[in-house]
Structures are given as structure tokens and as C-alpha cells.
Amino acid sequence: MKVGVLTGGGDCPGLNAVIRAVVRKGVQEYGYDFTGFRDGWRGPLEGDTVPLDIPAVRGILPRGGTVLGSSRTNPLQQQGGIRRIKENLAALGVDALITIGGEDTLGVATRLADEYGVPCVGVPKTIDNDLSATDYTFGFDTAVGIATEAIDRLHTTAESHMRVLVVEVMGRHAGWIALHSGLAGGANVILIPEQRFDVEQVCSWVTSRFRASYAPIVVVAEGAVPKDGDMVLKDESLDSYGHVRLSGVGEWLAKQIEKRTGKEARTTVLGHVQRGGTPSAFDRWLATRFGLHAIDCVRDGDFGKMVALRGTDIVRVPIAEATARLKTVDPARYEEVGVFFG
Amino acid sequence: MKVGVLTGGGDCPGLNAVIRAVVRKGVQEYGYDFTGFRDGWRGPLEGDTVPLDIPAVRGILPRGGTVLGSSRTNPLQQQGGIRRIKENLAALGVDALITIGGEDTLGVATRLADEYGVPCVGVPKTIDNDLSATDYTFGFDTAVGIATEAIDRLHTTAESHMRVLVVEVMGRHAGWIALHSGLAGGANVILIPEQRFDVEQVCSWVTSRFRASYAPIVVVAEGAVPKDGDMVLKDESLDSYGHVRLSGVGEWLAKQIEKRTGKEARTTVLGHVQRGGTPSAFDRWLATRFGLHAIDCVRDGDFGKMVALRGTDIVRVPIAEATARLKTVDPARYEEVGVFFG
Amino acid sequence: MKVGVLTGGGDCPGLNAVIRAVVRKGVQEYGYDFTGFRDGWRGPLEGDTVPLDIPAVRGILPRGGTVLGSSRTNPLQQQGGIRRIKENLAALGVDALITIGGEDTLGVATRLADEYGVPCVGVPKTIDNDLSATDYTFGFDTAVGIATEAIDRLHTTAESHMRVLVVEVMGRHAGWIALHSGLAGGANVILIPEQRFDVEQVCSWVTSRFRASYAPIVVVAEGAVPKDGDMVLKDESLDSYGHVRLSGVGEWLAKQIEKRTGKEARTTVLGHVQRGGTPSAFDRWLATRFGLHAIDCVRDGDFGKMVALRGTDIVRVPIAEATARLKTVDPARYEEVGVFFG
Amino acid sequence: MKVGVLTGGGDCPGLNAVIRAVVRKGVQEYGYDFTGFRDGWRGPLEGDTVPLDIPAVRGILPRGGTVLGSSRTNPLQQQGGIRRIKENLAALGVDALITIGGEDTLGVATRLADEYGVPCVGVPKTIDNDLSATDYTFGFDTAVGIATEAIDRLHTTAESHMRVLVVEVMGRHAGWIALHSGLAGGANVILIPEQRFDVEQVCSWVTSRFRASYAPIVVVAEGAVPKDGDMVLKDESLDSYGHVRLSGVGEWLAKQIEKRTGKEARTTVLGHVQRGGTPSAFDRWLATRFGLHAIDCVRDGDFGKMVALRGTDIVRVPIAEATARLKTVDPARYEEVGVFFG
């Protein structure tokens, strides 16, 4: 049995932990051989491989990124892409494929399985935690931890100067990172893509916080969108949900707050720092278990499935189903934290 | 409505986050008054209180420990203890009690509720994560994170000197901290209280790791017990499960490994460092949500209940039921990580 | 003896450690009374004070920011400002003033001392480490640590996607933070305000790094300025040295690199995160020692002096002299790290 | 020119940073070849080498430990050891040797240079910071940072339970780690090897701290020794200064405090955690600069020298002189922090 492994899409702390677990269990317990594909779907598309064995996965558990490299190459957008992959896999003698990635990466796996009968197992990966089939995805806890630590630091500078600090965190379509880090960091306002925000309401929370002699921290997901239309958009375009996309919502919001409240406001955009570096213990644990269970799917011949976390159990769900719906923050969960606003 | 709040048992990162959430929501949304009791059950036993209002909970979210203090005072072991508590609560006009604690603390709450009709709501707290009614307890993630970071550090010293490093972590009756931190830290042996370990087997894993030119890290829960009877116990006594308790299993094991393998071995006992300091983002999030839901129990008149985590939902379970059974590491979960041993 | 204390200018990890040390030693060893002034020079200007005694400094050692608040209020820019301060100090019975701050704050102290005979002792504070009289200022080590950790994290994302990552760090006039964090983080290019950079040279380093199959990290101080004039400045203005000031040099540089090398580039602007939160052990140690020695200056009647670090010793230097010249990165020190470029 | 490199003695964060800097500058700027020796002096003694070139030092900057391995092998204690080294170096064509290590390792280098004319350059390494020729050694700042973070965490548990917490840190002959981490962590008692301590005095500080309603943290260097002779020594032996060596002073002290004050006391022994893991930014900076200057010594033919830090400059001192005297904490520096005791 020869198993191919690839990682696609944006990088995410925990990818190496999955790869290590897959290979350790596959080699030691099942005697499988492995082929690593380079840079996501580009690897099988171009037949670009790396050796993947026990020595190759030594010491990679605590390392961020992915030893296989990643890319956003989408073979569905290339004439004959899927067929080419099918042929390359056959030529390399790859019997099954473990694809670690988000919606796009797993979508290709579904097509490969459905249309060409390539045996695929999926491991979900999205730092935004917006996959409906699983309680959590790895990388999310690390990102929340980094954002929370940043918010902790900003509190002191906010209070020493009685300024507003706006922190823009990741989350284009789902506000999970904003919700969790804002809650954990003691933010006074949390804005998420799921609910258009009212700048006046934000300013009133900011003002009420100052009245209590504390400086406000506003956490805003990069995909959050204001209700009112009076903003100047730097980069006006429609996202996949038909919303107007606002590039740089953090900076825009800080300026609005300054204008409307007369208070100084500063912005911090955490950016790629949130998705790099060593994974948290939680993410190493989750990613490792995903890897161990993914290779069990291969052994069981249980293809077309994706591993997922439910409570403290790892379960298997159909890939297609799993990526069908985005898991957004539901209104009740957002309301729950409203008591801390202002 | 006047609500009493106390924290009992060992301290645990997240206690202050619970207290803050209870008070913020109780005051702001329900208009309740609060009374803080000092040092766990000692507070209501002796009528020792502290003011508990919005200013009292400002800035405590990121702080470890508990602003209310804690103790292991058990009123069940005092003549007329429960009655005295009942009287003090009445004298202070306390209508309901939120008790944040482990098995012992919550056990008193059950008795108070059952025998004296005192309206109690429980919030589970055990750094060992060994409560069967909830997926996780707060403090556990922080402890695992600290232990994992220590293991990360020990890898380098183990490898530079080709020594065995034994890390003793918390966990008297349940091996969750050992299991999670050992897995996340890439330990080569993980020993838990749930399964008696075989020193010869440990030595064989250690030796095989050296053969692969890597230095082994052995993570051992403080409550782990060897199979064979040839050990010299520093402190021989029976624990509450009838097991022989071994004080200093880490140091004992290091000596055994040196004697049997001829390799140098060193021990690190992490001790109280694991339970102090700022809670992780996960624990702040969990503790805050526990607090928000506990005060909702009070508002709903839903007494005798404890809040618990199931997946990503906070649910309510009867206190008595919740503390009835210890949640230990089941054999399948321990077996899952066996692939990394040796 | 009654001693006034104030903190001025931007906040900086370690301010609270200074305040604590001053008060602990002043009260316990010399029996002094203290008056805290709020928000830098605004405090003595408006007679706005806070109590400052042993209980007021409990627990503040590990906390960022300043319990006294800060501001950029400059009494020299107000008609009769210095005289008003003189009068308020007299009315409050303040015999000596400890001023903790940067160039501007200490400049006022010099004037107060010279023109009105107010006994002042200075404690230097600049997160940029650009004061010539002292080897280091507190806050700098913390900022470097935070920036280094961010660079560590960015390496993984740079390599997984083979992108250029530009990190903009603090440093308007001096490149110390860029130099130290770039060196410690293993950056491939470090750009500082002291030496105009050549975009073509930067691109050639970037390209050569990619040829070695590694993704480049470019660390750029916010005050770094390109040599060539072909850039579009978002905010064109002259700084105090007559240089053209470039707002957002990081983002500008990333775009230039993309355009000229054809590689994807991303920017991270660390911003205020660098100056907040708990001080590093080094900064706590330095700030505490500064405080202990500043109060000794008061006891010795050694006014008009500033404490400074020389090697491992704390020495005293005239305030006026100390702030006369900016300590910039000298060419030899910059050249020293050039071996790591590209 | 072929340069040999070895690392001897206990491991220390920053060793890899030195190796990388030596090789990067040696290869890129001077065109040298390198030979890595394995496990300190064992390498040249047995002719055990590893390839050392640019690829070998990629990515090692942030990693603790040493890629060359280390040992305490002392060729002076072996018949003909020095001669054998001389012969192996000649056979391998090694023209100069860079030895990175502490007193013992550098002592061998002195002998090699003096008696056999082997051109040696030294890089000082001691996590204890007890070398008189240099302001700081790398690894020390990392160790202090780890110990300080542990003390921060212990404060919360000390206060929640009103217990004494004794923290034993590294430092057999010099109290630098205890002094710096105790100061930075806000310890209430700091005990160092340089001054015998009075248990009664310690207990009186502990008691006075409790009277102020705070729980005391006692930081004790592993080499600290009590004045009075009433202790039970677990491991009685004389150290190199003729002092009675006490193994486990932390635990012994906790018991004494419990017995004499009636308060609960707990001990944490940080152990090897202090010397492992990624180096702090300061240590990476210092170690890298040591490496850059060490290879410059080789280029200049300036042998028999050791690099050292003076203020912010790297200087060269004779190896023999540098290791002649231990740098201990002088009484004035210890007295300086006495204001925080009790």
C-alpha cells in the first residue's frame, strides 16, 4: 500500500503534526509506504514529490508551517487537471490519497473520488474554524492564543494613554477568532462578519467605557462590515456572499471612532503572525489525533470521508457533506458575550 | 436577589474569569447583589465575606488564582458545620449560592441543597480534568500548555547530552495532563495512573529510542504506579482507591532507568508551576462561559445543577450525578498514542 | 521629605517597576512621603495627584503601562507652564521630583532645575533605546522579544508559501529594535533609519534567498527611508532631521518587492503590541535598579542627574548631557550583521 | 584554512547561534572550511567529526541545545589526551580550533595552545553567568526569563492558598540566576551561594510578609548554604570551595519554614527546564555576536583569546585570564535588593 499526502491552502499550525502522525502510524503499525506531494495540488498535478518516511517526520511536531509546502493551485480550474492527477497517481503507484486542507482542497478530493474513483481521505484545515462538520479545526486555538496575548499587551498601552485600540484579527466570513480572542482578552467591543455593525453603537460603547475610566479595546474580524453606507472603501468589491468587502476595516473603524468620539484611536493588524509558529498544545493534540484517525480510514478502506472532532471523539463524516456549509457564529453565541460590551 | 459566591479546593487558572462573568452578568443584566465568601467553605462557615461588585472584578480576567481565596475546609467534617452555614447565609440575606470547586466542594453543595434546601449552583473546577459530566474543565488547558512548553525545552537538553529526561506532571488519579502534554510534547513514553506500568517495558522503549539516535523524554503522572513490587517507596500509603501511593515516582523511575539501561537520567517535577499564572485563551473562554451560564441557572431558579461543556455547548447537569464518577483515561485513548512510544 | 513622581511620553514596559522600586526604598529605608502626579507633566501643571505609598505599588512589578498614567503634555509650550508647576509643587510641599521619561519629559526637568531650582532626578525611558548616556533603556528588551517572536512565527508561513514577509517594527530615528530583532529572528534583510536603503539591493537579497530555497523575511524600522525617489509617499513630510518621512514604509516596500521580483509579498505592522504587556525579566531588573538608584540620588541631594546603565553598573550623568545626542546605530554595528543579508 | 568547532560542558541556549555565526561569516566572508567535532573534547580526542557548512547551520538559530552535541569529557584526565588531540587535528588538517564552553572546556584550550601551540579561540559559555571576563554569557538571560515566568505563576497559587512557595533555581557557586529572577519575579527572599543564610532570618521575612496579607515566594540558588549546622543533609560533601554541599536545599528549606513558622510551604525545583529550549532574543543576539567576533579572531591570527561582552562591545581577552576567577555576586549587589525582602 502506497499512500500519498498533500497539504493545500493557507498554512496553519498543526499541519506537520498531522503529517507526522499519519506517517508514524502508517509505517509502524500498517507497514505502508508514503509519497509526499509538494505544494498542495500542484504536486500530483505535476508529479512533484518528496520522500516521506520516519526520518522525514522526525522533530516536526512543534514546527509551524508544512514540510510538504502548500499552494492554492486548483486543478479544477485547469483543462484536464483532474485527469492529469489521476494519471500521475497511477504512474507513481499511489493507492490512496490523504488531503489536508480547507474547502477548496477538499472540494478537489471530492471530485477526484466521485468522478475518477481515486480513494481519498480528508483532514479538515481552516484556521478560521468555519467548517460545520467538526467542533474545532487545528490552528484555530493557536491563532486565538496569539490574538489574545496581543490584546493583553494592548490593554496596558490603551490604559496608560486613555486611547481606543482597534485590533483587526483574521476571519473573512466567520467571526470565531474575533469572538474567542475578544472574549478571552476582555475586549469591550467584538465585531464579526456575521452581523453588520453600527458605527454609532460602537462609538457609544467606546464612550461608556471611557466614562468608567477604562480605555476600550475593539476587536474586529477582517471581514466585518458596517451597516451604514457612509464609509470610504479602499477596495470595493463583492465577496462570495455578495457583501461589499472592506479592505482594512480596522483602520477605517479607528478613523471613524476618532472623528465621532474625539478620542485618539490606534489600529493593530495582526496579520500572518496569527497563522505561524509552533502550534499550541491543543492544536498539536487535535492535529495528531486527526492524523492517527485519517490513516485508520485508509486501513479500513473507508474513503470519501473526512475526520472530525465531536466533543472529545474523532469521528468520520462524508467529505462532500462536511464542506457543504460554512460554520458561522450563530446569533445566540454572539449575544452571549454582549454583556461585556461597553 | 443576593447571590453568594465561593471558590474551594486547589487553585486553578480561570477561577477569576468565572467570578467576573457571574458578577458582570448578574449585576448588569439581572440587577443582582453579590456577596463573596473568603477561602472556600470557611467563608460561609465563619461568615467571612468580601464585597463583590463590578469594580471588584475589574481586570481579573487574565489573572490566575482567585480573588476570593480558597481553602480545603470541609464543613462536613465539623460538628454542625452545615447548619452553621445555613444560618450564616440566612443572616447575610444570601438567596442563592454559586460554588466553584471540585468533587469535595461540590459535594458540600449537594448536601446543603438536599438537606437544608439551600439553593446552590455548581461550577466544576479540577485542573486534572477528571470530572465525568463535562468534556473539559478550565485550568486543564493551561496546565497542559505549561507542561508541553517544559517538555519542548527538555528535548534540547536531552539530545545535547543523550540523556533520559523524566518529567513528572500532575494527575493523582487521572492521567489526562500526562496524556495530552506527553502527546503534544512528543514524549517517547507516557505513564498514567490508570494503567500500572512495567519498568522493563519503559526501559526497552528508552533503549530503542537511543538506538534511533534520539534522547527519550518520559512523561509520568504523579499518580502512576509500577507493576512490579521491587521498588523502594519513599512514602508508602494507600490512596483513596486502595492503590499503593508512591511519592516521587519521577525520581524513582529515573533511578530505575539509570540502573537498568546504564544511561544517565534526570528528573523534572513541574509542581505548582502547572496551576498558576494567567489562564490560556481556551480556559478564559471556558471559565467565562461557565460563569455566564451559572448565573442564568440562578435566574431560572434551576438549582442543584452544575454547568458543563458538551462539544461547544454549555449544558446543565445535576451536581450529584456529575461528581459521582471520576473520568479517567479509558484504555482506547491510551492505546491510541502507543504508536509514539519507543 | 516629600518626593513627587511622574511618568511622561509613550508607555513602556518597566515604568511600574521603576515606580515600585522608588517608593519601596524611599518609604522603607529613608522614611520619605510620596506624591504621584497623573499623566506626565499634566499632573504638576494642574495639581492632579494620586496617593503613592506601599499599598499603591503592590503587585505592579509585572504589569505593563504605568499606574500614574502618561501624556505628551509639554509645559514648555504653555504660557507660564513652568511657573505654574513650580507653584503647584510648592503648594503640595513636594521637595524633589523624580521624572521618568524620554527626551521631551527630561527636557522639561532640565528647565525646571536650571531656571527655577526645582530639585529633579531623571530616569531615562525610551523603548527605542536611542539615548546616548545609557547602554540600554528598559522596555527595549521587551519590544525586541515581542518582535523576535513575531519573526519566528512568520518564518513558517513564509516558507510554506514561498512568500516574502516584510515586518515593520518601531524605530523612527534609530534602528535598534530592527537591528536586534532582525538579528535574533534570523531576518534576511534589516533596514534602519540611519542608512537610506536601496530597493534594488533589497530585491537582489530577496531573490538570492529564494534561490537558496528559503523564503525571505525583511525587517524594516518604521523610520527607514529608501534612497531612490521613485516612491509614492502616502504622507510626505520632513522629520526633525530633515529626512522625508514615509508613513507605512513596510507596505510600500512589500509592493515594490512584488513589482520588481514577481514574488508575493505580505506585510505585518506590529505597532503598539511591541510596547505593551508584562516587561521581560531584563527590563524588570533594569527598571527596578534605575528606581533604586534614582531615590538614592534624592537622598544624596544629587539633583539634575539621570541614572544610566554602563556595563552592569548604574551610574549618574547630568540630565542635560544625557539627552543632548540621539544614540543611533553606528555603521560598524550595522555592517556587522550584513553577513546574514541575502 | 580549515577551522574546527566544538561545544563542551552543559548545554545552554545560544550554542547553535554561535556555531551558525561562525560558519556563516567564515564561509561567506573568508572562504574557510569547517570541521565540526562531536560531543565536546570527545570529538578531537577520538577524531569524531560532523560536516559543518552553510546547509548544516540553516534554521538552527532559534533552536536550543547544540547540533554538535556536548560532553564533559576532559582530555586532561586521560593519559596522552592532549597529544592525541594534537595528532588528530593535524591528521584532519585543522588549522585552528574554536572552542565554545565553560571553565573546564576553555582550560583544555589553554593547555593545547600553551603546550602544543594549537591555535585556539574561546567562546565563553556558562548559564550561571559566573565568568569574570564578560558582562554576560549567553543562556543566562533565557534561564532568568524561564525562572521569572515560573515565579510569576507561583505568586497566584501562593496567594490563593496563603502558602510559602520555595523555588530552587540553578547556581552552584554563583547566585546570578537567583538574584536576577528573584528581583524580576518580585520574590520576598533571595538566597545565594555567596552568603550563608540564616534560617531564622528567612522565617522572620516569611512571617512579616504574611502579616502584610501576602504569601511569600522564596528563591534559593541550588548552591545556597545555611549558616546554622542543625540541618539534616541528604548528601553531605565538600564542594570546590570547601563548603558543605547541600543537595536539595529547596526542599530542606521548605520543611524548616513549615516547622518554624507553622505555615504550609511547597517547593518547586525548576531543574533542566531552565537550560533548554529556544534562546531569548538577548541570548541569540549575544551568541551571534560572539560567533562573528570569534571567527574574526581566527582571521586576525589572534589566538589564545576569548571573546567577551563589555557594555555593548565585544572585546578579546586572554583565555587563561578569563577563566582564572569566578564572577560571584558581590555584597553590594546583594544588599541592593535587600529592600524587597520580607
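Each chain gets a letter, A, B, C and D, in the order it is written, and its residues are counted from 1.
One rule holds in what follows: a contact is a pair of C-beta atoms (placed from the backbone, for glycine too) under 8 Å apart; a residue touches a chain by one contact, two chains touch by 3 or more.
Here the structure is a predicted model, which is why all the values come from computation and not from measurement.
Touch-path distance (fewest steps) from chain A to chain D is 2. With contact taken as defined at the outset, there is no chain that touches chain A as well as chain B. When the interfaces B-D and C-D are ranked by how many C-beta pairs touch across them, B-D comes first.
If each chain is reduced to the centroid of its CA atoms, chain B and chain C end up 41 Å from each other. Note: centroid distance chain B to chain D, computed from Cα atoms, is 35 Å.
Rounded to whole angstrom units, the spacing between the C-alpha centres of chain C and chain D is 30. Residue positions 152 of chain A are each in touch with at least two other chains. Contact between chains, per the stated criterion, is found for A-B, A-C, B-D, C-D. In the complex of the two chains, the chain B residues touching chain A come out as 24-25, 28-29, 58, 61-62, 135-136, 141, 144-145, 147-148, 152, 180-181, 183-186, 214, 278, 280-282, 284-285, 288-289, 292, 310-312, 336, 339-340. Contact residues on chain C toward chain A in their complex (touch as defined above): 10-11, 13, 15, 63-66, 69-71, 146, 149-150, 152-157, 159-162, 165, 266-273, 275-277.
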